[in-house]
Structures are given as structure tokens and as C-alpha cells.
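Read through the structures below before going on.
Note that chain A is present in both complexes that follow, paired respectively with chain B and with chain C.
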Partner chain A sequence: MKLIRLATKILLWIIGLLPVLFLLMLSLSEVWRFPDVVAKNFNINVFIAIVDNNTNLLATIGISLFISTVVSVFSVALGFYFSKTIAYHEKKRLWSFLAYLPFVLSPVIYAACLNYFFVVAGLGGTVFGVMLAQFIIIFPFNIILFLSHWNIRMQSYAELVSTMGGSTRQTFWKVLVPVSIPVLFVALFQSFLISWFEFGLTYFIGTAQIQTLTIKVYQSIGEANIHLAAYSSLLLMIPPLILLFLNRRIVFYTH
Partner chain B sequence: MKNKFKILPILIFLTITILPLVAGLIYALLNSIGLAGILADGFTLENWRIIFGTNDFFQSIAYSVTITLIVLFFAVIFALIFCEFLQTKVGISKFSLLFYIPLATPLIVAGFLTYQILGQSGLFSRIAYNLHLIKDTSQFPDMVNDAFSIGIVFTHVLISTSFFTIHFTNVFRNENISQLKVLSKTLGAGNGYYRRKIYLPIMLSKATPTIILYGIFILGSYELPMLLGRQEPQMISVAIAQKFQKYNIFDVPIAYCMAFIYTILVSTVLFILYKRKMLNNEVD
Partner chain C sequence: MLLEVKNIRKKFGEEQVLKDVSFSLTYKETRSILGKSGCGKSTLLKIIAGLKLQDSGEIILNDQNINLVVPQHRDIIYIYQEPLLFPHLNVFENIAFGMRLRNKETSFIQEKVHKLIDELELQPQTKKMPAQLSGGQRQRTAFGRAIIVNPKILLLDEPFGNLDTETRASMQQLFKRICGTYHISSLFVTHDLKEALIVGDNFSLMSDGKLTNFANKQDFVNDELTGVKNELLFWKNI
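After this line comes the complex of A and B, so read on.
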């Protein structure tokens, strides 16, 4: 019985990890000709590809990490701070509705509408432009996320500190931020993933010159280089897969 | 003084969130009526006439809505079945990896995988060939860039089913449906009655806002239809993006016109949700 249970568990893992295994097969091989089911010429050249100047993968990983880290830190910090005022405002429902708007629009169509302003400001095709464009959608996401965090309990904490003579600054830094650390981390991971997965805004505002990993996958597919596309895809999936093992809910809410 | 402190954060929030959207929309409108952009030659309704005079835009919208409805239909049904089965029979934790991996896959990667697995020279086609089920790649059913959009629907259904299964599981737990099931059984209700009168109504009413929001996400999706779709008809995001990218400069104002109409349509749907107090954080 134990053996059957173990076998079922292993089978489920294999099915679940099938996309990752398939990408791994394409990444570690050089040839996958029809009608071969399994690719040929397995080697570890792919690891050399990371530092190969032709593929620019190291730079791509660096840019992706930089953009996602900066955007997520800024969106979470500002989202946390501003959502407090919005949550206790009498027009909270209206602000919440407005925060949903940029977030639910198709990023490609939103990028198309914004493109003119980015070009005029000289931000088209720049890393800062891509970060700003991503910030415009990830910031409202954080506002929505934090709105339910600012509940009566948090308000009571703030009032208690205020009653005991604490200043607004002390209340925020010494009480509200420390008790919010877990939700801040969740928000940070989610924002990082949204930025990490982002394609439409990055592609249009970055005018395909800012090579994040998603753009790299797209360009490799266009060049019919399925091995590089698979390898870039695999690199793209590493952070969400790590998060899957740390906290599955983060990946769910990112969607 | 207190009011000033309240207004400033709101103003900054609106500047980041709404100002770019409104500015983008106004520019799109001005461009579409010939008052902005390289082709600005004075007021004209020609681009709007082209949009309303030809079928392209409405075909794209109809196609996008059809794909969205088909995906939602299958995904919600599958997720309802999985949720009930996992909750009542085995527990979701053992199977959770199956549902979380698709959510950890970026859409561009999902599109690439579908192409390599379902395509005519893809993994399944190779297996079929080696099993002597087909003699040539052309005998393998067309599931990528095909007339019925099987690849797009399949990939979206796979990801959406995972999403909804986990979402429904949360609703199941929050609404104490297992307790209601026990209660209904104690009072003599059968499985069919429980499903029709308790399980489905509670699940669907609680999940409706999320289903609609997810529908908007599918409607505007770009990566999957771009990789797995056909040149004709195109989903709305792809149609607009291609008009921007084409070398024909006269298509740009038409693309702005389409972007403007799409944004207004999506905003209206969201506004209806807001008016009916159905946006997520209001339900929870």
C-alpha cells in the first residue's frame, strides 16, 4: 500500500513537472529532429551560453533581476504607504475601483496608448522607461492588495499608540510596519513575479531593446532557436518555482 | 491641516494610477480623429468610419469574446469538478503541485510549450509517428495556428482551470460548504440535490466577480494568441499591436481608435462591477 502511494506521488510529481522536464530536455540538448521523441547530443554547453557574449544571457538575467527588484521594492513601499490613507478614506470604494483600472487593462493596449508620452519624454527603449511603465500597473496592484490589510485591528493599534503619546511617525515605523512585515514580504514576492513575467509593456515601451528574459524567450522563438528559448524559459521559471516551494499562495495571487 | 495630509496621498495615487490612463486615452482619441500624431491633418472621422464600416474590429472583438467564453465555460466546469472531488475525496494538498505549476508558468513560456508539444512536428506528433498512428506530420491534427484556435483555448483552459480550482477551494473552505453538505445529508438530501441547491449556487455566486475579472484578463491576453493564433481572425490585443507595428503608417490612427474603444468597453464592465459592489475586496 505504501509502495502504491509512493508510486502515485512520484507519478504526480512527474506529470506536474512535465513542462519543466521538457524544457530541461530542450535546454540540455543540441538537436531535436523529427521524428525523435527524445532530443540528442546532450551536453552542458548551455551553461557556457550564460557567459557567452553572443547570447547576452548574463546581461539579460541582470537586467531582469534589476528591473523586477527595483520595481517591486518601490511599488510595495509606496503602495503600502499610500494605501493606508486610501483604506480609511470615505471614498475608499471609488479609489479601489480606480486602482483596478490600469491593472485589468491589456498591458499591450495600455502600452500602445502610453507609448507616445514615453517617446516624447525620451524614455522609450530605456530601462528606466520600462521600470516606470511596470510601476504604473504594479503600484495599483499593491494598493488593492494592502486595502484589506488596513482593517479595524490596524486602526486600533495606531489609535493605541497615539493615546499613549506616540507620534504619527513612531506609530508608522515602530508599530504598523513591524506588524505588517509578513504581508509586506508577500506583496514584495508577488510584485517581483508580476514584473518578472511582464511582456506587453516591456516589449512596447522597451521597443524590444530592453532584453528581459520574457523578451529573450520571444526573440529566440522568432529566430527558431528552440534550445535557447527553452533555456531562457527555464531561467524565467526558476524564481516562481522557488516560491512554489516556499509559499504556494504567493504564486496563486500573482495570477 | 489634517485634510491636507489626506488629500496629498490621494493626489499622488491618482497621478500614478489614473493620470497616465486618462492621458493615454485622450491621446488615442485625438490621434483617431486626426488632431494628434504624425498624420494629424485636422478633424476627421475617417478612422472611425473605417472601424464601423468594416468588419475587422468587430470580428476581433467577437472572436476574443468567443474564446474568452469558451475558456471560462470549460475552466469553471473542470475546476468545479476538481474542487469537489479534491475536497471531499482526497484533499487538495497531495495534488496541489499539479495546479500550481501552470500558475508558475509565464504565458510566453506556456505558448512556447504548447507550440512544441501540440504542433504538427511537436512532441505528441512524434509519439504518434513512432507508434505508427500517422505516416506524415500533415496527418497529425492541426492544433497550433489552427482554424478552431485549439492551441489558444487548450493553454488558457489549462492555466485557468488551475487558477479556478485553487480559488474554488478557498471559497469552499471560507463558506464552510463541507458543513453544509453534512447538514443537507442529515436532512435527507441526496448528492444531486446538494450539488444543485448548495454547492453550485454558493460557489458561482461567490466566484462571479473573480470569473469576470479573469475573463477580462483572457480577453486582453496577447502572448498566447500571438504565438498560437492565426493571422485571421485575431484576438483584439494582437490585432491592435500588429496595426501599431506594421509599416503602414495609416493604420496607426485606426489602432488608436481600436485601443480607445477597447479601453472604454473594459472600463465599463469594471464600472458595472463597481456599481454592483462586486469588486473583489468588497465581496471579501
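After this line comes the complex of A and C, so read on.
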């Protein structure tokens, strides 16, 4: 029984790691021609060449991290706060419906609709414009995510603190936020991922001038630069993996 | 008179939940309010706590009308059926919570909380998190968290409803003892006849939104609607 469990575990790890190993092989190799089973000429020179070769990878990573971090932090913080107001509002159904609207249209169509306004406002092709566009999608996502969190139990916590003499601010910071830490981390993680892997909206509003890592991967594939695409994909996977690890640790710890 | 509730009426939609409810509460008194589920007991307590607004009627606390006073300034604490301990705080911090809200000095908090923890027989649980406690320990912690700030009135909404028979009986005795030690005035809502008789000094019966107050325990026992007579008859005939 133990052996089967161990074998299953190893198999799952292999299945999980296979795409990563494949990308690693592609990014470290110089040549991979048919009919070779594996690529040839492995060395880190490919890494160095890519970084040195005016590909602006470091700047791209920096912009991607900046956009995703700012957008996820702001949309989670504001989503958490406003979802509480909506959850206990007499017109909750209307506000919830409005929060779903960006998802009824696909983000690309949504971006196409918004593009004109962004260009007129001078936000097209700017980092701020991309962040704002992503926020318009990720903020309602957080509203929807948190709406179910504001249940009768949370309301009872708030009522209890108020009868104990706590102000609204004390209730929020001393009880509601600490009690919500696990769901806040899940929301932060999800929001970061949506922003990190966002392509259509970012491409449209950024007018291809704002180069995030995801856009870089698509471009590299389009240019048939398989090694750069593999290298970019590897980099693309690192922050989500770190977040996944942290998220698991924090959520499990707080539970 | 500590609390006077006069002609409280409350309607939810078309349903009249409270119909001219009136009663009074004196210092150090516990009034048991007996009633079935859904008869309006919780609504009454929430109105007194300021968590819900009545349609009409008056609530007078220490000779002052508190109809428009927010819950934060009423000094009336509501204890739910579920202990609702803060899951991110241990037993000590849960009990100290009200004092932390009032920015009391750490040494004062330490002294008061430890004294109360001893009274509640929670010493071995001091550093434990709520998830590590039994039902009775949780309710004792919730109880300590409420009384440490010396509220004018405690409102208890079926606080022992989720406990097993044995724990419930010991909690009822503990409640009586603590009420005596800390001179607590309280309204104790329950659907359990025996519990109402054990914890109460005075008695009321709530049925279909109407509250009947009894002058003494004997009147409560003699009234057909309270069900005490039926209960006695059952035990006699068994």
C-alpha cells in the first residue's frame, strides 16, 4: 500500500514537472533538429545571449511584476472593502449583476470597447492605462469572490464587536481583516495570476508598447524563436510557483 | 430600575414579530424569557442591544431613553448561541479583547484577565486557540469576554443551546455563580423550561410576539402556558 502511494506520488511529480523540464531543456539548448529525440548543445550561454541580445527581458520582468503586484493589491483591498458594503446593501442583486458584467463580455471584447476611451484619455500604450484596464476586470472579480465571504457569521462578529463598544474602524481592522486573512491571500493569489497571464486586454490597451512577459512569450512564439519563448515561459512560471508555495503555507498555517 | 422596555412593536414585512412587549429589569437581576424558536425572543434582544430598530416603543436604561443610542454606547453586550470566538486570538486575547478596544494598560489587562480565567476555570486553556477548545470551554471564554468590561446588562440568546446536557448543567451553575460574584444584570432567553427556572430570578413567557411577565416563580409554575405543570405531571406519572 505504501509502495503504491509512493509510486503515485512520484508519478504525479513527474507529470507536474514534465512541462517545466521540457521548457528547461528548450531554453538551455542551442539546437533541436528532427529526428533527434532530445535537444543538443546544452549550456547557459543561451541564457546569457538572450539577456545580452537586446531583448529587454529584465525590463519586461520588472514591468510585469510591477503591474501585477499593484493591480492585485489594489483590486483585493478595494474589492474586500466594497464587497462588504454591497453584501449588506438593499440593492445587493443589482450591484452583484454589475460586477458580473465584465465577465459576460470576454476581456478582449471589453478591451475593444474601452480602447477608444483609453486613447482619448491619453492612457493607451501607458503602464497606468494597462493597470487601469486590468483593474476594471480584476476588481469585480474580487467583489464576486468576497460576496459569499460576508455571511451571517461575519455580520454577527461585527455586531458582537459593536455591542462590546468597538468602533467601525476597530471592528474592521481588529476582527474582520484578521478573520479574513486566508480568503484575502487566496484572492491576492488569484488576482496576481489573472494579471500576470493577461494577454488580450494588456495587448489592446498597451497597444503592443507595454511589453509584459506574457506578451513576450506570445511574440516569441509568433517569431518562431522557440528558445526565447521557452526561456520567457520559464520566467513566467516562477512568480506563480512562489505565490503558490507561500499561499499554501499561509493559508494552511492560518487554518 | 435598570432597564424598562415599554410597548415595543416590530414588524418584518407583513408579520408582526413583537406585539407591545413591556418588562423591566432591576440591578443584579436575571430575567429568564422562555419561548419557542421563532417567537421573537432574538429580535427583542437585538432591539435592546441596538442592533435592530423597533417600529415603536421605548427602551429606558438608567432613566434615559436609549432608542437612538448606537450599540457601541449602550453598554449592553449580546451573547449569541454560538460563542463566536475570534479564531485568530487565543483564549487570553479573546477575553482581553474588550479591554484592548478601550486601550487599557497591559498590566491592568493581565491582572483582570488572569483573575477571570481562574474564575472560569480556564487556566490550562489560556494559550489555546478557539479551535482547540470544547463547546463548554468556548462558551465560558465568550462569557468571560463579555463580562470583563462590566457591561450594564448582558443579553444571552440561548447561550447553552449547542451544549450537551451535562456541560449545559455545569454552565448553568457557573453562570449563576459568576452573576453573583460580578453583580451581573441579564436577560436570559431560552426555550428550555428547566434552564429558565435554574438561571432566572424573574420570569417571562414569550409566545407569538407577546410577552407575559410573572410576579414570582410560583405564578410562572402555575401558569398553564409555561408547560411546567405538564412537565411535573409527566415525571409524576412515569
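Here is the rule we use: the second predicted complex is superposed on the first by the 223 of 255 C-alpha atoms of A that agree within 3 Å, B and C clash if a C-alpha of one lies under 4 Å from a C-alpha of the other, contacts with A are read in each partner's own complex, and residues count from 1 in each chain.
Following the convention adopted for this analysis, a contact is a pair of C-beta atoms (placed from the backbone, for glycine too) under 8 Å apart; a residue touches a chain by one contact, two chains touch by 3 or more.
Note that the coordinates shown come from a computational prediction; the quantities given were computed from them, not determined experimentally.
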Mind checking the superposed model to see whether chain B and chain C fit together on chain A or clash? fit
Classify the contacts of A:22 with the two partner chains as first (chain B alone), second (chain C alone), both, or neither. first
Which angle, to the nearest 10 degrees, do you get at the Cα centre of chain A between the Cα centres of chain B and chain C? 100
For A:82 in the superposed arrangement: first (chain B), second (chain C), both or neither? first
So, does A:117 touch the first partner chain B, the second partner chain C, both, or neither? first
So, A:40: does it touch chain B (first), chain C (second), both, or neither? neither
Have a look and say if chain B or chain C is in touch with more residues of chain A. B
Enter the shortest inter-chain Cα distance between chain B and chain C once the structures share a common frame, rounded to whole Å. 12
Which parts of chain A are in contact with chain B and also with chain C? 254
Within the complex, which stretch of chain B touches chain A? 5-6, 9-10, 12-14, 16-18, 20-21, 23-25, 27-28, 31, 36-37, 94-98, 100-109, 112-113, 115-117, 121, 123, 125-127, 129-130, 137, 159, 163, 166-167, 213, 216-217, 219-223, 227, 236-237, 240-241, 244, 255-256, 259-260, 262-263, 266-267, 270-271, 274, 277, 279-282, 284
Write out the stretch or stretches of chain A touching chain C in their complex. 153, 156-157, 159-167, 170, 174-175, 178-179, 181, 254
Provide the residue numbers of chain C that touch chain A in the complex, in ascending order. 49-51, 70-78, 80, 82, 84, 86-88, 97-98, 100-102, 145-146, 149
Could you pull out which chain A residues touch chain B in their complex? 9, 12-13, 15-17, 19-20, 22-23, 26, 34-37, 78, 81-82, 84-86, 89, 93, 95-102, 104-110, 112-117, 135-136, 139-140, 143-144, 147-148, 196-197, 199-200, 204, 214, 217-218, 221, 226, 229-230, 233, 236-237, 240-241, 243-244, 248, 251-252, 254-255
